[in-house]
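Comments concern the structure below.
First chain written, first letter: the chains are A, B, C and D, and each begins at residue 1.
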Amino acid sequence: MSGTAKKHSTDIRVRYAETDRMGVVYYGNYFVWFEVARTEFFRASGISYRELEEKRHLRVMVIGAACRYRSPATYDDLLNVETWISGIKNTSLVFAYQVRRDSTLIATGETTHVFTDVNGKPIKISEEIRSALTSTF
Amino acid sequence: MSGTAKKHSTDIRVRYAETDRMGVVYYGNYFVWFEVARTEFFRASGISYRELEEKRHLRVMVIGAACRYRSPATYDDLLNVETWISGIKNTSLVFAYQVRRDSTLIATGETTHVFTDVNGKPIKISEEIRSALTSTF
Amino acid sequence: MSGTAKKHSTDIRVRYAETDRMGVVYYGNYFVWFEVARTEFFRASGISYRELEEKRHLRVMVIGAACRYRSPATYDDLLNVETWISGIKNTSLVFAYQVRRDSTLIATGETTHVFTDVNGKPIKISEEIRSALTSTF
Amino acid sequence: MSGTAKKHSTDIRVRYAETDRMGVVYYGNYFVWFEVARTEFFRASGISYRELEEKRHLRVMVIGAACRYRSPATYDDLLNVETWISGIKNTSLVFAYQVRRDSTLIATGETTHVFTDVNGKPIKISEEIRSALTSTF
(Lines give C-alpha, C1' and ligand atoms only; values in the text may rest on other atoms or scores of the structure.)
Protein backbone atom coordinates (compact mmCIF):
# COMPACT_ATOMS: atom_id res chain seq x y z
CA MET A 1 0.00 0.00 0.00
CA SER A 2 1.10 3.52 -0.63
CA GLY A 3 1.34 6.09 2.11
CA THR A 4 -2.12 7.31 1.24
CA ALA A 5 -3.90 4.65 3.27
CA LYS A 6 -7.29 5.89 4.33
CA LYS A 7 -7.74 6.58 8.05
CA HIS A 8 -10.82 5.98 10.10
CA SER A 9 -11.58 7.71 13.37
CA THR A 10 -13.49 6.28 16.35
CA ASP A 11 -14.20 7.91 19.70
CA ILE A 12 -13.84 5.96 22.94
CA ARG A 13 -15.01 7.12 26.37
CA VAL A 14 -12.81 5.53 29.07
CA ARG A 15 -14.79 3.32 31.43
CA TYR A 16 -14.15 3.10 35.17
CA ALA A 17 -13.66 -0.65 34.69
CA GLU A 18 -10.75 0.08 32.36
CA THR A 19 -8.68 1.89 34.98
CA ASP A 20 -6.46 0.25 37.59
CA ARG A 21 -5.20 1.18 41.03
CA MET A 22 -2.42 3.31 39.48
CA GLY A 23 -5.30 5.63 38.55
CA VAL A 24 -4.82 5.20 34.80
CA VAL A 25 -6.02 2.84 32.09
CA TYR A 26 -4.74 -0.72 32.47
CA TYR A 27 -2.34 -1.48 29.63
CA GLY A 28 -4.22 -4.54 28.35
CA ASN A 29 -7.37 -2.54 27.66
CA TYR A 30 -5.84 -0.65 24.74
CA PHE A 31 -6.12 -3.88 22.74
CA VAL A 32 -9.86 -3.91 23.37
CA TRP A 33 -10.08 -0.39 21.97
CA PHE A 34 -8.09 -1.47 18.93
CA GLU A 35 -10.72 -4.16 18.39
CA VAL A 36 -13.52 -1.60 18.64
CA ALA A 37 -11.66 0.62 16.16
CA ARG A 38 -11.20 -2.30 13.72
CA THR A 39 -14.89 -3.16 13.90
CA GLU A 40 -15.75 0.42 13.01
CA PHE A 41 -13.11 0.52 10.26
CA PHE A 42 -14.73 -2.54 8.66
CA ARG A 43 -18.20 -1.03 9.00
CA ALA A 44 -17.12 2.28 7.47
CA SER A 45 -15.60 0.29 4.57
CA GLY A 46 -18.99 -1.23 3.84
CA ILE A 47 -18.16 -4.60 5.37
CA SER A 48 -19.68 -5.76 8.61
CA TYR A 49 -17.11 -7.84 10.47
CA ARG A 50 -19.99 -9.64 12.12
CA GLU A 51 -21.30 -10.66 8.70
CA LEU A 52 -17.85 -11.83 7.62
CA GLU A 53 -18.10 -14.29 10.47
CA GLU A 54 -21.77 -15.18 10.40
CA LYS A 55 -22.54 -15.12 6.66
CA ARG A 56 -19.22 -15.71 4.93
CA HIS A 57 -17.83 -17.98 7.66
CA LEU A 58 -14.53 -16.13 7.66
CA ARG A 59 -12.35 -15.44 10.66
CA VAL A 60 -9.90 -12.57 10.93
CA MET A 61 -7.55 -14.01 13.51
CA VAL A 62 -5.00 -11.97 15.42
CA ILE A 63 -1.46 -13.32 15.11
CA GLY A 64 0.40 -10.36 16.55
CA ALA A 65 -0.29 -7.26 18.63
CA ALA A 66 1.83 -4.45 20.00
CA CYS A 67 1.30 -1.15 21.80
CA ARG A 68 3.53 1.70 22.88
CA TYR A 69 2.21 3.82 25.74
CA ARG A 70 3.11 7.51 25.41
CA SER A 71 0.96 9.29 27.96
CA PRO A 72 -1.57 7.91 30.46
CA ALA A 73 -5.33 8.10 30.00
CA THR A 74 -7.88 7.90 32.79
CA TYR A 75 -11.57 7.51 33.59
CA ASP A 76 -14.00 9.54 31.52
CA ASP A 77 -11.35 10.75 29.08
CA LEU A 78 -12.76 11.07 25.60
CA LEU A 79 -10.17 9.48 23.33
CA ASN A 80 -9.90 9.27 19.59
CA VAL A 81 -8.51 6.20 17.84
CA GLU A 82 -7.29 6.70 14.29
CA THR A 83 -7.05 3.43 12.39
CA TRP A 84 -5.56 2.49 9.04
CA ILE A 85 -4.23 -0.54 7.17
CA SER A 86 -0.45 -0.27 7.15
CA GLY A 87 0.12 -3.41 5.10
CA ILE A 88 -1.83 -6.05 3.21
CA LYS A 89 -0.70 -9.32 1.63
CA ASN A 90 -2.37 -12.38 0.14
CA THR A 91 -3.90 -13.75 3.34
CA SER A 92 -2.88 -11.21 5.99
CA LEU A 93 -3.02 -7.54 6.85
CA VAL A 94 -1.75 -5.13 9.47
CA PHE A 95 -3.85 -2.50 11.23
CA ALA A 96 -2.13 0.52 12.77
CA TYR A 97 -3.63 2.74 15.48
CA GLN A 98 -3.03 6.11 17.08
CA VAL A 99 -4.85 6.98 20.30
CA ARG A 100 -5.12 10.68 21.15
CA ARG A 101 -6.83 12.87 23.71
CA ASP A 102 -7.18 16.18 21.88
CA SER A 103 -3.65 16.88 20.67
CA THR A 104 -1.93 14.58 23.19
CA LEU A 105 -0.64 11.29 21.81
CA ILE A 106 -1.68 8.57 24.27
CA ALA A 107 -0.57 5.39 22.50
CA THR A 108 0.29 3.83 19.16
CA GLY A 109 -0.25 0.23 18.22
CA GLU A 110 -0.39 -2.42 15.57
CA THR A 111 -2.23 -5.71 15.13
CA THR A 112 -1.51 -8.37 12.50
CA HIS A 113 -4.28 -10.62 11.20
CA VAL A 114 -4.73 -13.64 9.00
CA PHE A 115 -7.95 -14.37 7.13
CA THR A 116 -8.97 -17.98 7.71
CA ASP A 117 -11.91 -20.31 7.28
CA VAL A 118 -13.75 -21.60 10.35
CA ASN A 119 -11.10 -24.29 10.81
CA GLY A 120 -8.30 -21.78 11.00
CA LYS A 121 -6.91 -22.48 7.53
CA PRO A 122 -5.55 -19.27 5.92
CA ILE A 123 -7.46 -18.15 2.86
CA LYS A 124 -6.79 -15.48 0.27
CA ILE A 125 -8.40 -12.11 0.94
CA SER A 126 -10.94 -11.74 -1.86
CA GLU A 127 -10.69 -8.85 -4.30
CA GLU A 128 -14.03 -7.56 -3.08
CA ILE A 129 -12.88 -7.36 0.53
CA ARG A 130 -9.44 -6.07 -0.38
CA SER A 131 -10.94 -3.36 -2.49
CA ALA A 132 -13.49 -2.34 0.16
CA LEU A 133 -10.84 -2.14 2.86
CA THR A 134 -8.31 -0.19 0.85
CA SER A 135 -10.39 2.17 -1.29
CA THR A 136 -11.02 5.59 0.14
CA PHE A 137 -14.08 6.13 2.32
CA MET B 1 -31.44 -29.64 49.71
CA SER B 2 -30.79 -29.76 53.40
CA GLY B 3 -28.58 -27.29 55.19
CA THR B 4 -25.70 -29.73 54.94
CA ALA B 5 -24.74 -28.71 51.40
CA LYS B 6 -21.12 -29.48 50.78
CA LYS B 7 -18.81 -26.48 50.42
CA HIS B 8 -15.88 -26.15 48.12
CA SER B 9 -13.03 -23.72 48.64
CA THR B 10 -10.96 -21.98 45.94
CA ASP B 11 -8.14 -19.46 46.37
CA ILE B 12 -7.95 -16.38 44.18
CA ARG B 13 -5.00 -14.00 43.98
CA VAL B 14 -6.23 -10.52 43.02
CA ARG B 15 -4.76 -9.31 39.73
CA TYR B 16 -3.71 -5.73 39.06
CA ALA B 17 -6.09 -5.76 36.09
CA GLU B 18 -8.97 -6.42 38.49
CA THR B 19 -8.49 -3.20 40.47
CA ASP B 20 -9.81 0.21 39.48
CA ARG B 21 -8.81 3.80 40.15
CA MET B 22 -10.56 3.71 43.54
CA GLY B 23 -7.66 1.41 44.51
CA VAL B 24 -9.88 -1.61 45.09
CA VAL B 25 -11.33 -4.46 43.07
CA TYR B 26 -13.85 -3.37 40.42
CA TYR B 27 -17.28 -4.65 41.38
CA GLY B 28 -17.90 -6.57 38.16
CA ASN B 29 -14.85 -8.77 38.65
CA TYR B 30 -16.41 -10.65 41.56
CA PHE B 31 -18.63 -12.40 39.04
CA VAL B 32 -15.54 -13.66 37.22
CA TRP B 33 -14.29 -15.14 40.49
CA PHE B 34 -17.67 -16.79 41.04
CA GLU B 35 -17.22 -18.44 37.64
CA VAL B 36 -13.75 -19.67 38.59
CA ALA B 37 -15.17 -21.03 41.85
CA ARG B 38 -18.02 -22.82 39.99
CA THR B 39 -15.56 -24.42 37.58
CA GLU B 40 -13.56 -25.78 40.51
CA PHE B 41 -16.72 -26.88 42.32
CA PHE B 42 -17.70 -28.94 39.26
CA ARG B 43 -14.19 -30.39 38.96
CA ALA B 44 -14.08 -31.34 42.64
CA SER B 45 -17.45 -33.04 42.17
CA GLY B 46 -15.97 -35.27 39.49
CA ILE B 47 -17.56 -33.38 36.60
CA SER B 48 -15.53 -31.25 34.25
CA TYR B 49 -17.66 -28.30 33.21
CA ARG B 50 -15.64 -28.18 30.01
CA GLU B 51 -16.64 -31.75 29.25
CA LEU B 52 -20.29 -30.96 29.97
CA GLU B 53 -20.05 -28.48 27.12
CA GLU B 54 -17.74 -30.29 24.74
CA LYS B 55 -18.77 -33.93 25.19
CA ARG B 56 -22.33 -33.82 26.53
CA HIS B 57 -23.30 -30.67 24.60
CA LEU B 58 -24.88 -29.14 27.67
CA ARG B 59 -24.88 -25.50 28.62
CA VAL B 60 -25.20 -24.20 32.17
CA MET B 61 -26.54 -20.74 31.42
CA VAL B 62 -26.63 -17.91 33.94
CA ILE B 63 -30.09 -16.42 34.38
CA GLY B 64 -29.43 -14.38 37.50
CA ALA B 65 -26.49 -13.03 39.48
CA ALA B 66 -26.11 -10.93 42.60
CA CYS B 67 -23.33 -9.76 44.88
CA ARG B 68 -23.15 -7.85 48.14
CA TYR B 69 -19.88 -6.07 48.83
CA ARG B 70 -18.92 -6.08 52.52
CA SER B 71 -15.30 -4.97 52.61
CA PRO B 72 -12.96 -3.97 49.78
CA ALA B 73 -10.21 -6.18 48.38
CA THR B 74 -7.17 -4.98 46.52
CA TYR B 75 -4.21 -6.04 44.37
CA ASP B 76 -2.31 -9.11 45.49
CA ASP B 77 -4.79 -10.00 48.21
CA LEU B 78 -5.11 -13.75 48.58
CA LEU B 79 -8.83 -14.42 48.79
CA ASN B 80 -10.80 -17.53 49.49
CA VAL B 81 -14.09 -18.27 47.78
CA GLU B 82 -16.35 -20.80 49.47
CA THR B 83 -18.96 -22.21 47.09
CA TRP B 84 -22.01 -24.35 47.61
CA ILE B 85 -25.30 -25.23 45.95
CA SER B 86 -28.04 -23.45 47.86
CA GLY B 87 -30.91 -24.82 45.79
CA ILE B 88 -31.54 -27.30 43.00
CA LYS B 89 -34.68 -28.01 40.97
CA ASN B 90 -35.54 -29.98 37.83
CA THR B 91 -33.65 -27.87 35.33
CA SER B 92 -32.02 -25.18 37.45
CA LEU B 93 -29.75 -24.65 40.42
CA VAL B 94 -28.39 -21.84 42.56
CA PHE B 95 -24.77 -21.43 43.57
CA ALA B 96 -23.90 -19.37 46.66
CA TYR B 97 -20.50 -17.82 47.39
CA GLN B 98 -18.62 -16.28 50.27
CA VAL B 99 -15.41 -14.39 49.57
CA ARG B 100 -13.05 -13.93 52.50
CA ARG B 101 -9.56 -12.60 53.16
CA ASP B 102 -8.49 -14.52 56.24
CA SER B 103 -11.36 -13.89 58.66
CA THR B 104 -12.66 -10.77 56.91
CA LEU B 105 -15.82 -11.20 54.89
CA ILE B 106 -15.28 -9.44 51.55
CA ALA B 107 -18.42 -10.34 49.63
CA THR B 108 -21.30 -12.76 49.31
CA GLY B 109 -23.05 -13.71 46.12
CA GLU B 110 -25.42 -15.97 44.29
CA THR B 111 -25.81 -17.11 40.69
CA THR B 112 -28.80 -18.93 39.23
CA HIS B 113 -28.38 -21.30 36.30
CA VAL B 114 -30.48 -23.32 33.89
CA PHE B 115 -29.23 -26.49 32.22
CA THR B 116 -29.96 -26.33 28.48
CA ASP B 117 -29.05 -28.04 25.25
CA VAL B 118 -26.94 -26.19 22.68
CA ASN B 119 -30.04 -24.40 21.42
CA GLY B 120 -30.86 -22.97 24.82
CA LYS B 121 -33.77 -25.30 25.51
CA PRO B 122 -33.96 -26.19 29.24
CA ILE B 123 -33.32 -29.85 30.00
CA LYS B 124 -33.65 -31.90 33.15
CA ILE B 125 -30.52 -32.22 35.26
CA SER B 126 -29.65 -35.93 35.02
CA GLU B 127 -29.53 -38.06 38.14
CA GLU B 128 -25.83 -38.65 37.56
CA ILE B 129 -25.01 -34.95 37.51
CA ARG B 130 -27.40 -34.15 40.35
CA SER B 131 -25.86 -36.83 42.48
CA ALA B 132 -22.28 -35.79 41.70
CA LEU B 133 -23.00 -32.14 42.51
CA THR B 134 -24.85 -32.77 45.75
CA SER B 135 -23.06 -35.75 47.31
CA THR B 136 -20.29 -34.93 49.73
CA PHE B 137 -16.77 -34.53 48.41
CA MET C 1 -39.19 8.89 45.15
CA SER C 2 -42.40 8.73 43.27
CA GLY C 3 -42.92 6.45 40.33
CA THR C 4 -42.11 9.32 38.01
CA ALA C 5 -38.36 8.86 38.26
CA LYS C 6 -36.67 10.28 35.21
CA LYS C 7 -35.04 7.76 32.90
CA HIS C 8 -31.86 8.18 30.96
CA SER C 9 -30.96 6.21 27.87
CA THR C 10 -27.48 5.15 26.75
CA ASP C 11 -26.49 3.09 23.71
CA ILE C 12 -23.88 0.35 23.97
CA ARG C 13 -22.30 -1.46 21.05
CA VAL C 14 -21.26 -4.98 22.15
CA ARG C 15 -17.51 -5.55 21.86
CA TYR C 16 -15.94 -8.81 20.71
CA ALA C 17 -14.03 -8.84 24.00
CA GLU C 18 -17.34 -8.93 25.87
CA THR C 19 -18.47 -12.23 24.35
CA ASP C 20 -17.45 -15.68 25.54
CA ARG C 21 -17.15 -19.12 23.95
CA MET C 22 -20.89 -19.68 24.35
CA GLY C 23 -21.18 -17.06 21.59
CA VAL C 24 -22.97 -14.52 23.77
CA VAL C 25 -22.06 -11.74 26.17
CA TYR C 26 -20.32 -12.93 29.33
CA TYR C 27 -22.60 -12.35 32.29
CA GLY C 28 -20.13 -10.22 34.26
CA ASN C 29 -19.91 -7.61 31.51
CA TYR C 30 -23.43 -6.34 32.10
CA PHE C 31 -22.16 -4.72 35.28
CA VAL C 32 -19.63 -2.77 33.22
CA TRP C 33 -22.45 -1.48 31.04
CA PHE C 34 -24.39 -0.48 34.16
CA GLU C 35 -21.36 1.59 35.17
CA VAL C 36 -21.26 3.25 31.74
CA ALA C 37 -24.98 3.99 32.03
CA ARG C 38 -24.54 5.48 35.54
CA THR C 39 -21.72 7.72 34.33
CA GLU C 40 -23.97 9.04 31.57
CA PHE C 41 -26.91 9.42 33.96
CA PHE C 42 -24.74 11.62 36.20
CA ARG C 43 -23.51 13.64 33.23
CA ALA C 44 -27.03 14.18 31.90
CA SER C 45 -28.04 15.36 35.38
CA GLY C 46 -25.41 18.07 35.23
CA ILE C 47 -22.98 16.30 37.54
CA SER C 48 -19.75 14.79 36.26
CA TYR C 49 -19.03 11.68 38.30
CA ARG C 50 -15.36 12.24 37.57
CA GLU C 51 -15.59 15.66 39.17
CA LEU C 52 -17.39 14.21 42.19
CA GLU C 53 -14.26 12.14 42.73
CA GLU C 54 -11.56 14.57 41.66
CA LYS C 55 -12.94 17.91 42.86
CA ARG C 56 -15.36 17.07 45.65
CA HIS C 57 -13.40 14.05 46.89
CA LEU C 58 -16.54 11.94 47.06
CA ARG C 59 -16.81 8.25 46.29
CA VAL C 60 -20.00 6.54 45.17
CA MET C 61 -19.19 3.02 46.29
CA VAL C 62 -21.10 -0.04 45.14
CA ILE C 63 -22.45 -2.13 48.01
CA GLY C 64 -24.78 -4.37 46.04
CA ALA C 65 -25.37 -5.42 42.45
CA ALA C 66 -27.77 -7.78 40.74
CA CYS C 67 -28.75 -8.73 37.21
CA ARG C 68 -31.37 -10.94 35.63
CA TYR C 69 -30.60 -12.21 32.15
CA ARG C 70 -33.68 -12.47 29.92
CA SER C 71 -32.34 -12.99 26.42
CA PRO C 72 -28.74 -13.28 25.16
CA ALA C 73 -26.87 -10.49 23.39
CA THR C 74 -23.90 -10.96 21.13
CA TYR C 75 -21.09 -9.19 19.29
CA ASP C 76 -21.97 -5.99 17.46
CA ASP C 77 -25.49 -5.83 18.87
CA LEU C 78 -26.55 -2.27 19.46
CA LEU C 79 -28.13 -2.24 22.90
CA ASN C 80 -29.96 0.41 24.81
CA VAL C 81 -29.64 0.80 28.56
CA GLU C 82 -32.38 2.71 30.32
CA THR C 83 -31.32 3.94 33.76
CA TRP C 84 -33.19 5.49 36.64
CA ILE C 85 -32.94 6.00 40.38
CA SER C 86 -35.35 3.60 42.01
CA GLY C 87 -34.63 4.69 45.57
CA ILE C 88 -32.69 7.34 47.45
CA LYS C 89 -32.00 7.74 51.18
CA ASN C 90 -29.73 9.87 53.33
CA THR C 91 -26.42 8.40 52.24
CA SER C 92 -27.38 5.79 49.67
CA LEU C 93 -29.26 5.31 46.44
CA VAL C 94 -30.31 2.54 44.09
CA PHE C 95 -29.93 2.61 40.31
CA ALA C 96 -32.15 0.40 38.17
CA TYR C 97 -31.41 -0.65 34.58
CA GLN C 98 -33.17 -2.19 31.61
CA VAL C 99 -31.11 -3.43 28.69
CA ARG C 100 -32.93 -3.83 25.38
CA ARG C 101 -32.11 -4.63 21.77
CA ASP C 102 -34.93 -2.93 19.88
CA SER C 103 -38.04 -4.29 21.58
CA THR C 104 -36.36 -7.37 23.06
CA LEU C 105 -35.65 -7.23 26.78
CA ILE C 106 -32.08 -8.47 27.29
CA ALA C 107 -31.53 -7.90 31.01
CA THR C 108 -32.64 -5.97 34.05
CA GLY C 109 -30.45 -4.97 36.94
CA GLU C 110 -29.92 -2.93 40.04
CA THR C 111 -26.93 -1.45 41.85
CA THR C 112 -26.90 0.00 45.35
CA HIS C 113 -24.44 2.73 46.29
CA VAL C 114 -23.26 4.63 49.33
CA PHE C 115 -21.80 8.12 49.13
CA THR C 116 -18.58 8.26 51.14
CA ASP C 117 -15.55 10.44 51.69
CA VAL C 118 -12.15 9.26 50.43
CA ASN C 119 -11.74 7.13 53.56
CA GLY C 120 -14.94 5.23 52.92
CA LYS C 121 -16.97 6.96 55.62
CA PRO C 122 -20.61 7.38 54.54
CA ILE C 123 -21.70 10.97 54.08
CA LYS C 124 -25.06 12.59 53.49
CA ILE C 125 -25.99 13.18 49.87
CA SER C 126 -26.08 16.97 49.57
CA GLU C 127 -29.28 18.74 48.56
CA GLU C 128 -27.57 19.99 45.42
CA ILE C 129 -26.62 16.49 44.26
CA ARG C 130 -29.95 14.99 45.34
CA SER C 131 -31.82 17.65 43.46
CA ALA C 132 -29.71 17.30 40.31
CA LEU C 133 -30.08 13.52 40.27
CA THR C 134 -33.82 13.46 40.89
CA SER C 135 -35.13 16.50 38.99
CA THR C 136 -36.29 15.89 35.46
CA PHE C 137 -33.80 16.20 32.61
CA MET D 1 22.29 -9.42 30.74
CA SER D 2 23.83 -12.65 29.63
CA GLY D 3 21.83 -15.50 28.18
CA THR D 4 21.69 -17.09 31.60
CA ALA D 5 18.76 -15.00 32.78
CA LYS D 6 16.80 -16.90 35.39
CA LYS D 7 13.35 -18.04 34.37
CA HIS D 8 10.28 -18.19 36.53
CA SER D 9 7.29 -20.38 35.83
CA THR D 10 3.64 -19.64 36.67
CA ASP D 11 0.56 -21.72 35.93
CA ILE D 12 -2.63 -20.11 34.64
CA ARG D 13 -6.00 -21.82 34.33
CA VAL D 14 -8.00 -20.22 31.50
CA ARG D 15 -11.24 -18.63 32.73
CA TYR D 16 -14.51 -18.75 30.80
CA ALA D 17 -14.50 -14.94 30.94
CA GLU D 18 -11.24 -14.90 29.02
CA THR D 19 -12.63 -16.64 25.94
CA ASP D 20 -14.55 -14.98 23.14
CA ARG D 21 -17.16 -16.06 20.58
CA MET D 22 -14.42 -17.50 18.35
CA GLY D 23 -14.15 -20.16 21.08
CA VAL D 24 -10.61 -19.22 22.06
CA VAL D 25 -8.90 -16.81 24.42
CA TYR D 26 -9.40 -13.14 23.50
CA TYR D 27 -6.07 -11.69 22.41
CA GLY D 28 -6.03 -8.87 24.96
CA ASN D 29 -6.15 -11.26 27.90
CA TYR D 30 -2.62 -12.52 27.33
CA PHE D 31 -1.40 -9.19 28.67
CA VAL D 32 -3.27 -9.84 31.91
CA TRP D 33 -1.48 -13.17 32.23
CA PHE D 34 1.85 -11.43 31.60
CA GLU D 35 1.01 -9.17 34.55
CA VAL D 36 0.23 -12.18 36.75
CA ALA D 37 3.52 -13.76 35.69
CA ARG D 38 5.45 -10.55 36.48
CA THR D 39 3.88 -10.33 39.93
CA GLU D 40 4.99 -13.89 40.65
CA PHE D 41 8.46 -13.23 39.19
CA PHE D 42 8.88 -10.33 41.62
CA ARG D 43 7.61 -12.41 44.53
CA ALA D 44 9.96 -15.30 43.72
CA SER D 45 12.81 -12.79 43.59
CA GLY D 46 12.08 -11.77 47.18
CA ILE D 47 10.40 -8.50 46.23
CA SER D 48 6.67 -7.97 46.58
CA TYR D 49 5.52 -5.72 43.77
CA ARG D 50 2.71 -4.60 46.02
CA GLU D 51 5.25 -3.45 48.60
CA LEU D 52 7.23 -1.62 45.92
CA GLU D 53 4.10 0.44 45.38
CA GLU D 54 2.76 0.71 48.91
CA LYS D 55 5.94 0.94 50.98
CA ARG D 56 8.60 2.25 48.61
CA HIS D 57 6.20 4.42 46.58
CA LEU D 58 7.65 3.13 43.33
CA ARG D 59 5.73 2.49 40.13
CA VAL D 60 6.81 0.05 37.45
CA MET D 61 5.00 1.55 34.49
CA VAL D 62 4.43 -0.25 31.22
CA ILE D 63 5.72 1.70 28.22
CA GLY D 64 5.51 -1.07 25.63
CA ALA D 65 3.87 -4.45 25.17
CA ALA D 66 3.79 -7.01 22.40
CA CYS D 67 2.49 -10.53 21.86
CA ARG D 68 2.72 -13.09 19.09
CA TYR D 69 -0.02 -15.70 19.01
CA ARG D 70 1.20 -19.13 17.87
CA SER D 71 -1.62 -21.51 18.74
CA PRO D 72 -5.02 -20.86 20.33
CA ALA D 73 -5.87 -21.62 23.96
CA THR D 74 -9.35 -22.14 25.32
CA TYR D 75 -11.43 -22.45 28.48
CA ASP D 76 -10.03 -24.62 31.26
CA ASP D 77 -6.66 -25.09 29.55
CA LEU D 78 -3.87 -25.24 32.09
CA LEU D 79 -1.14 -23.01 30.72
CA ASN D 80 2.37 -22.34 31.84
CA VAL D 81 3.96 -18.91 31.55
CA GLU D 82 7.74 -18.79 31.64
CA THR D 83 9.05 -15.33 32.49
CA TRP D 84 12.50 -13.80 32.43
CA ILE D 85 14.19 -10.42 32.23
CA SER D 86 15.57 -10.05 28.72
CA GLY D 87 17.14 -6.64 29.28
CA ILE D 88 17.77 -4.17 32.08
CA LYS D 89 19.11 -0.61 31.97
CA ASN D 90 19.39 2.28 34.41
CA THR D 91 15.69 3.03 34.80
CA SER D 92 14.01 0.40 32.63
CA LEU D 93 13.77 -3.31 32.03
CA VAL D 94 12.18 -5.75 29.62
CA PHE D 95 10.26 -8.87 30.63
CA ALA D 96 9.92 -11.72 28.13
CA TYR D 97 7.25 -14.46 28.28
CA GLN D 98 6.54 -17.83 26.75
CA VAL D 99 3.09 -19.34 27.18
CA ARG D 100 2.81 -23.10 26.70
CA ARG D 101 0.21 -25.82 27.09
CA ASP D 102 2.33 -28.90 27.71
CA SER D 103 4.77 -28.90 24.80
CA THR D 104 2.65 -26.64 22.56
CA LEU D 105 3.83 -23.06 22.24
CA ILE D 106 0.76 -20.82 22.63
CA ALA D 107 2.26 -17.34 22.60
CA THR D 108 5.38 -15.29 23.19
CA GLY D 109 5.48 -11.75 24.45
CA GLU D 110 7.45 -8.87 25.84
CA THR D 111 6.69 -5.90 28.08
CA THR D 112 8.93 -2.88 28.65
CA HIS D 113 8.80 -0.98 31.93
CA VAL D 114 10.19 2.15 33.50
CA PHE D 115 10.68 2.56 37.23
CA THR D 116 9.21 5.86 38.38
CA ASP D 117 8.22 7.71 41.51
CA VAL D 118 4.54 8.33 42.23
CA ASN D 119 4.59 11.35 39.92
CA GLY D 120 5.79 9.31 36.97
CA LYS D 121 9.37 10.63 37.05
CA PRO D 122 11.85 7.90 36.01
CA ILE D 123 14.20 6.82 38.77
CA LYS D 124 17.25 4.60 38.81
CA ILE D 125 16.62 0.96 39.66
CA SER D 126 18.41 0.49 43.00
CA GLU D 127 21.24 -2.03 43.32
CA GLU D 128 19.14 -3.98 45.81
CA ILE D 129 16.24 -4.39 43.41
CA ARG D 130 18.47 -4.98 40.41
CA SER D 131 20.35 -7.65 42.27
CA ALA D 132 17.20 -9.36 43.54
CA LEU D 133 15.65 -9.43 40.09
CA THR D 134 18.71 -10.71 38.25
CA SER D 135 20.35 -13.12 40.69
CA THR D 136 19.36 -16.75 40.36
CA PHE D 137 16.39 -18.01 42.34
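Going forward, a residue touches a chain if its C-beta (ideal position, glycine included) is under 8 Å from a C-beta of that chain, and two chains touch if they have at least 3 such contacts.
Everything numeric here is computed off the predicted structure, so don't read it as measured data.
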Copies subunit C and subunit D touch via same or different residues, half shared test: same
Maximum centroid distance from subunit B, chain identifier (CA atoms): A
Whole-Å gap separating subunit A and subunit D, where each centre is the average of the chain's CA atoms: 24
Whole-Å gap between the CA centroids of subunit A and subunit B: 34
Where subunit A and subunit C are represented by their mean Cα positions, the distance between them in whole Å: 28
Where subunit D touches two or more other chains at once, by residue number: 16-17, 28, 32, 35, 75
Footprint of subunit B on subunit D - complex, ascending: 13, 15-17, 32, 35-36, 39, 48-50, 53, 75-76
Subunit C - residues contacting subunit B, complex: 22, 27-29, 31-32, 35, 59, 61-69, 72, 111, 120
Subunit A-touching residues of subunit B, taken from the complex the two chains share: 16-17, 19-21, 23-24, 26, 28, 74-75
